[in-house]
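Right, I'll just put the structure down here and ask away after.
Lettered A, B and C in written order, each chain numbered from 1.
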Amino acid sequence: MERVLEIIGALRKAGPELFRVETPVPQAYAAVDPDHLRVELAAGAAAQLVVLHMKAEVTRLDVELADGAQFDLTEIFLGETFAEIALKQEARSCCRVTTVSLTSANASYRIDLNGRGATNELNGVFLATGKDHCVVRLHTAHNVPDCTSASCVKGVADDEAVGEFSGLVYVAPDAQQTDARQQSRNVLLGERARIETMPQLEIYADDVKCSHGATVGQMDSDAILYMRQRGLSEAQARALQIEGFVGDIVRRCGVESLGEALMQLATEKLER
Amino acid sequence: MENNMLSVKNLHATVEGKEILRGINLEVKAGEVHAIMGPNGSGKSTLASVLAGNEKFTVTEGSVEFLGHDLLSMSIEDRARLGLFLGFQYPVEIPGVTMANFMKLAVNEQRKYRGEEPLSAAEFLRLMKEKSAVVELSSKLTARAVNEGFSGGEKKKNEIFQMAMLDPKLAILDETDSGLDIDALRIVATGVTKLHTAENATVVITHYQRLLDYIVPDVVHVLYKGRIIYTGDKTLALKLEREGYDWLINEYDR
Amino acid sequence: MAENEKEILENLGEQEYKYGFTSAIETETLGKGLSEEVVRQISAKKGEPDWMTQRRVAAYRHWLTLEPPTWAHLRIPQIDFQDIIYYAAPKARKTLGSMDEVDPELKRTFDRLGIPLEEQMALAGVAVDAVMDSVSVKTTFKETLAEKGIIFCSISEALRDHPDLVKKYLGSVVPYTDNFYAALNAAVFSDGSFCYIPKGVRCPMELSTYFRINAAGTGQFERTLIVADEGAYVSYLEGCTAPQRDENQLHAAVVEIVVERDAEVKYSTVQNWYPGDKEGRGGIYNFVTKRGLCRENARLSWTQVETGSAITWKYPSCILAGDNSVGEFYSVAMTNNYQQADTGTKMIHIGRNTRSRIVSKGISAGQSENSYRGLVRVAKGAEHARNYSQCDSLLIGDKCGAHTFPVIDSRNRTAVVEHEATTSKISDDQLFYCNQRGLSTEDAVGLIVNGYAREVLAKLPMEFAVEAQKLLALQLEGTVG
């Protein structure tokens, strides 16, 4: 935990109310428990932002990306925050979102691709243990042609925890050449845990590539056996496997070394 | 008898109520190479799985002693830490878990079991580099997730690489030659031969003589219907290659 | 076409169908509107036992407390439930002298579908005595079934002849409390089919050849109850590939299936009710509740080809209560012009080692809306439950909508649930390729669509599958090029 705070504390502060970027040279910023933060990236601007949620409160983030802007957003939920995030993207803007929930947070993303050639990539992880109830909602609207979106949300529910994902890909009439992919991958670890996933497609244009997939399952027991044959204990094998499952996304977290620190935090949570 | 590494006595095992092993007797001494051959479904892979401790199988009778320990009472991982290595016929893919991470844990668990200090990162990397040369495993593969997206040949090379890393007392290689082209076969077999010493032993389970051209066995066993029905020297493998199993099976079934 | 059709529709009911299978044709009709009194009268007219009357009344009272469901991706015009006649004679048809009098458009459709002449006549309402003695067909059929102890009759007959069986099973899978339309059906259902396969009996024939003619005249609140007792097997075919005309706009049927231990039921549907005209006027509202209950080692397979109706609201479901039971859902839903379909399935895993498989193929053309809606629920005790769902959408044209709304709710960590969905279109390259090999665009579209739907069509009984294939091609005419 300290390591995460330390890394984030060392970054430039964004906000508290408006975070506006004009420069095309990306720099890393951070915001901790913003109340309502507006983010504006001017045409061609680039920035990296880490938002840390520690408090059980309602928070709102509005992001507007002008033509060709590039934005890398990492959101970390360590508190039971109720967060609404609205992203509006103009032509050729590019947004990469990474969201990691390590507690009962409720995160709703609304992504509007309003300009041709806009791309959005969202990767998320939630780890629900104990009596956690993690919720990730995602609404990706392809309002104009030629946009690309890809999302992958991985969930783990242990003990008596509940994990909920709902994702909608909306393709407006005439939003031809849309390329939209959505994946929801979940693992149930606890005997009394529960996963509910709703990946949805609503499509009104025909020349599109849209797909979604969802899985709820358990970790591969053959892999556990394999690792034990090489001398790992069952607990070690399981931990390694879960780390392998969510690690690619957690490690993606924008700023260098933050990913590792978070992974450490995630592993500790699972071992508790 | 005291230099026996592995001593299997009257081993019976079932899976889902069906008896697959019906009284196996096998003695392996340090420095030896044994080959276990036999037609499909004779119980070869089951024997390997039971020795490694796969919980899918139930041992109903018999005993196994390994380096003075009652093997059957040990967990899978303790058997491995003690020095029993199983080369899987179908190595398992473990998404997202890198080879380096996996091997580091495995090597250090073994060291801990033996009461040794864990390797430092530098020592470990040196070991990885040294051992990957044994089977000409590309360093690119060691940076990837365990077996994920590996070709059939790469997976088998990876098994031998892990064997080199863990330096087992007894290696049981289950159909390590299956699905390999001739070059990969040579590399894998040469790797196994290089790792063989007077202190360790190897049991090779195979269908074909061709692997035994590289790994010359001291003893060849024929397994059929859950029993070892014939034991001979390396010439037996050649005879089997020429004449098949029928002459043995017919005699046994009669 | 529209004019002729209207004429035919208007003429329907003018004359009774000479060779109707129902023994007595009621000509009496209750007036429009629904009240507890109407429900009691329906029951009285049908001579039902008291417990049945009580059930209808209870269902009616419950229905009063409900609102029509609005969660589906459908635009449903306001339905005036007081403007419907809830009890009328089975739909009578005008008897035509010969095939020459049949609407040529309808005839063309029959020919394209390759429906045998005898059936064409029966369906179009031509007197068929010279060609096919339907009564004797029915008799032979009944004898064969009776030998095996199979009961296959109307629900009314079953209530009279096998009241204990009906009492035991009716409403046991779809209780009247289930939903708005199921409650309505339970209160006012006109008639329907009852089928009972005794222990260990394999029904020797698909319950279809005779039935599909008979079914053409079933009313708007149809009730079907199928019971396969322990170790029994039956394949049941509902509907007909020929276009079915019915002036009743609202159809709220209920199908209940009980699959006892080790039994297997295959239920296949081809739904081709009137979809409305090209401008979206008229057409049937098809709001159906279909559900089966599987006991230990039982297997229930739903296969549906849905091409008709203006609005379809239908989710054939499986309750996998028994250990090792298996549920399957194979669906092709095609919408064209202004049709709307919201269809899918529910797989409720309760028993251990229960397995389910969902294959849904949606095809949207014109200005239509086509949605897949599915629920896979794994209860806490459903150890090692397994589900695989594949939901594909094919869009033809850029004015239609194709949607996928699956829900997965898993509460058992040993369960594995997988869902995949894709969307695609018929590419210009594919059409060009087919054209270059000499196929017309229409044939090419038919070919591609049939290839797309093949996995589902293959689950239909042979003859049905051939007709369904032709039906799809027919419904697609004029959508491309």
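FYI, a residue touches a chain if its C-beta (ideal position, glycine included) is under 8 Å from a C-beta of that chain, and two chains touch if they have at least 3 such contacts.
Keep in mind that this is a model prediction, so the values were computed, not measured.
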Legend entry - Longest centre-to-centre distance from subunit B, chain (CA-based): C
Inset, instruction - Report the pair of chains linked by the most C-beta pairs in contact. - result: A-C
Legend entry - Averaged-CA centre spacing for the pair subunit B and subunit A, given as whole angstrom: 43
Legend entry - Between subunit B and subunit C, centroid-to-centroid distance (C-alpha), Å: 58
Legend entry - Footprint of subunit B on subunit A - complex, ascending: 220, 222-223, 225-234, 236, 240-241, 243-248
Legend entry - Sites on subunit B touched by subunit A in the complex: 52-55, 75-77, 79-81, 85-86, 88, 91-97, 101-103, 105-106, 109-110, 113, 145, 162, 166
Inset, instruction - Could you pull out which subunit C residues touch subunit A in their complex? - result: 73, 378, 380, 393, 395-423, 425
Legend entry - Of all residues in subunit A, those that touch subunit C in their complex: 173-174, 176, 186, 188-218
